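Naming follows writing order (A, B, C, D, E, F, G, H, I, J, K and L), and every chain is counted from residue 1.
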Amino acid sequence: MSDHHVYKKLELVGSSRTSIEDAIENALATASESVQHMDWFEVVETRGHIVDGKVAHYQVCLKVGFRISGS
Amino acid sequence: MSDHHVYKKLELVGSSRTSIEDAIENALATASESVQHMDWFEVVETRGHIVDGKVAHYQVCLKVGFRISGS
Amino acid sequence: MSDHHVYKKLELVGSSRTSIEDAIENALATASESVQHMDWFEVVETRGHIVDGKVAHYQVCLKVGFRISGS
Amino acid sequence: MSDHHVYKKLELVGSSRTSIEDAIENALATASESVQHMDWFEVVETRGHIVDGKVAHYQVCLKVGFRISGS
Amino acid sequence: MSDHHVYKKLELVGSSRTSIEDAIENALATASESVQHMDWFEVVETRGHIVDGKVAHYQVCLKVGFRISGS
Amino acid sequence: MSDHHVYKKLELVGSSRTSIEDAIENALATASESVQHMDWFEVVETRGHIVDGKVAHYQVCLKVGFRISGS
Amino acid sequence: MSDHHVYKKLELVGSSRTSIEDAIENALATASESVQHMDWFEVVETRGHIVDGKVAHYQVCLKVGFRISGS
Amino acid sequence: MSDHHVYKKLELVGSSRTSIEDAIENALATASESVQHMDWFEVVETRGHIVDGKVAHYQVCLKVGFRISGS
Amino acid sequence: MSDHHVYKKLELVGSSRTSIEDAIENALATASESVQHMDWFEVVETRGHIVDGKVAHYQVCLKVGFRISGS
Amino acid sequence: MSDHHVYKKLELVGSSRTSIEDAIENALATASESVQHMDWFEVVETRGHIVDGKVAHYQVCLKVGFRISGS
Amino acid sequence: MSDHHVYKKLELVGSSRTSIEDAIENALATASESVQHMDWFEVVETRGHIVDGKVAHYQVCLKVGFRISGS
Amino acid sequence: MSDHHVYKKLELVGSSRTSIEDAIENALATASESVQHMDWFEVVETRGHIVDGKVAHYQVCLKVGFRISGS
């Protein structure tokens, strides 16, 4: 069992008033409170809310992979 | 951190003998026993089992988004 | 020019408290106030809002094709 | 050969004046006249015809799986 | 009719010399001159022109949803 | 605002008895009666009607991009 | 049963030395020898063989819908 | 007619207790009992049943192309 | 509630030095330590690492469905 | 090594003022100046530029497979 | 040959510690060392590595089109 | 430049008489003769030729990523 890893993927949506990158970091910061060994993310969808003709929040849906077995 | 939300998505499959809408409600009813702050769903796939040439169960795969951070 | 048609497609989102079919009809009813010669629709996405663990609104995104040339 | 099954999939389009579920049942009812051992269906596409700004027919494209080998 | 909304989606391409976010804002700024009640956007595609081996313009294709019925 | 452009995309379906290219040209000819600054098209879907085992009409769904801001 | 139709879809690949349209017609001509009531087609994929740096055959994969119930 | 071919595609699901390749071979073996001139296959989906935390059956959905015209 | 089931889907990535099937089994073995009633899997993506021009690890991303309600 | 082939795929965009087929031939003609053993192509995307409401150039993106090993 | 262009597309993955835009620029800077006439890019996938619950590197997969014929 | 990498992706098709894994290894073995620093692969498509109702060759299309900048 020492020669292979198993990972689990979570699907999260982070938001930010300022940028796509900040929305990703916000999602990771919240996830890291309860999930260990986070290893990679994949952006699934980028969207956002509009208020008064401007972006109010970017919303980035991402999958996060973290190791659950192997070391 | 008060100006943004983070959401998590679950993927569920609900089933029903009667309708697509009922299969969605059944999935949500079960999920709501253990998940709080459910906010939206997205239908991913609609399928079903056939018995004697008729629909025996509708099976609806859906993603459910719920808030895990921000208020 | 009499032997061919040209169509335009609109993308709409209808909503309903009761069913997917009703959300489609609501979108068509609103569109028909300003669009003539609507001919077909295609469901693009089905989703909805959740309140208290139950479907509050079905939201159906659909494309609607209507004739703009030819008779 | 007794320990495995082989299935074939048909692609059908059923229609109905009343609902998506009824269009599915209509497709299955017709298919069951000539196909045995139908086991499951998958909805591929949902669309319809519009007359006078209302749904005239729902048209549901579905794949139907039925067993052709194994018992 | 007061208990449901109908939305329409526009498909736009915004461009910017500086960033993806700025291309989105540029598209929304132009759209807001003629469209009211814009509510959300979805990024469909991100691309751009290259001049002298550098990004000359980011081009972001997005869908914009705005309310056309319900209040 | 002079250093960037904003485009809008329309979705059209053109038809022709003779060829895919002619269906595209027919859609553009009709659109050009009311739309200015059309710049590019993308074929989304190619289909058609069959009569007596032959193609009666090619139907080509295309998106058309046209400039709405910038010069 | 007189108020609805059921269709079946076949998936075919036609080929031609000359054009995409001719490959479609060749597929329909062969199918029409054994299938009645063919109503529409959808192009699924366009590809071909290359010989000496030129197109030797266009190969067009298409789905053909034909009525199996209702009149 | 001697200078072009027409092919038809079937969609099958084969299963096997041992491997993905064996599931493909099982589907082809059953299809070959009634279909001639099978020429190629394309894997569409790979899935399976789980019993006691182990793969009980691999299930491979594949399309099979076979020649119906031309020699 | 006895006449319908609700399932949840997990997304996992299993790896193996030897084969795609072994990577699937490794993912299921790890998941079965904490998840009960696993019923089916769907392969989402197959990839791997390369070392010295050879496959070092197959990595198979799969979704696993397990029953959370109904008996 | 004599019992198997390895192919490489290139992605090209050909253009033509006259037709989709001509754009494909133009891409192949240019590629054949530097690539040998080209065997097949797959159309990935069809688009074009519009000038004065007419197609100025068809642009066809295609993948071209050519043999790099085996004889 | 003077009235049409042929382009080739490369697929690249650029990375950056700071932003998605910077990862794109890094990929283009490296490609421009050996490729001339680069004209446009298309973002195919956005992902990244996570270290200590934060984005360590953004990784952006993009296709780059460059002219290989016509002037 | 020392803090980021740039990768290029090749698209290959490997074949094998025996298994999907062997087709992948065959593609990598051929690519490794001319490409250095190959790091990962992604399976894009699995298909094959059929002779006498059995798999004659598995054909696996894969993308291979290799480092072209950074160390």
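Throughout what follows, contacts are C-beta pairs under 8 Å (C-beta built on N, C-alpha and C of every residue); 3 or more make two chains touch, one makes a residue touch a chain.
Keep in mind that this is a model prediction, so the values were computed, not measured.
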Which chains are in contact with both chain C and chain J?
F
Starting at chain D, find the fewest moves between touching chains needed to arrive at chain G.
1
In whole angstrom, how far does the Cα centroid of chain B sit from the Cα centroid of chain G?
38
Could you grab the centroid distance between chain A and chain B? Build each centroid from C-alpha atoms only and quote it in angstrom.
21
Numbers and ranges of chain E residues touching at least 2 other chains
11, 20, 31
Looking at the whole structure, which two-chain pairs count as touching?
A-B, A-E, A-I, A-K, B-C, B-D, B-I, C-D, C-E, C-F, D-G, D-H, E-F, E-K, F-G, F-J, G-H, G-J, H-I, H-L, I-L, J-K, J-L, K-L
Which of the residues in chain C end up touching chain D in this complex?
20-21, 24-25, 28-29, 31-32, 38-43, 64
List of chain G residues in touch with chain D within their complex
3-9, 11, 63, 65, 68-70
If you look only at chain E, which of its residues touch chain F in the complex?
10-17, 23, 26-27, 30-31, 57, 61
Residues of chain I touching chain L in the complex
19-20, 45-50, 52-55, 58
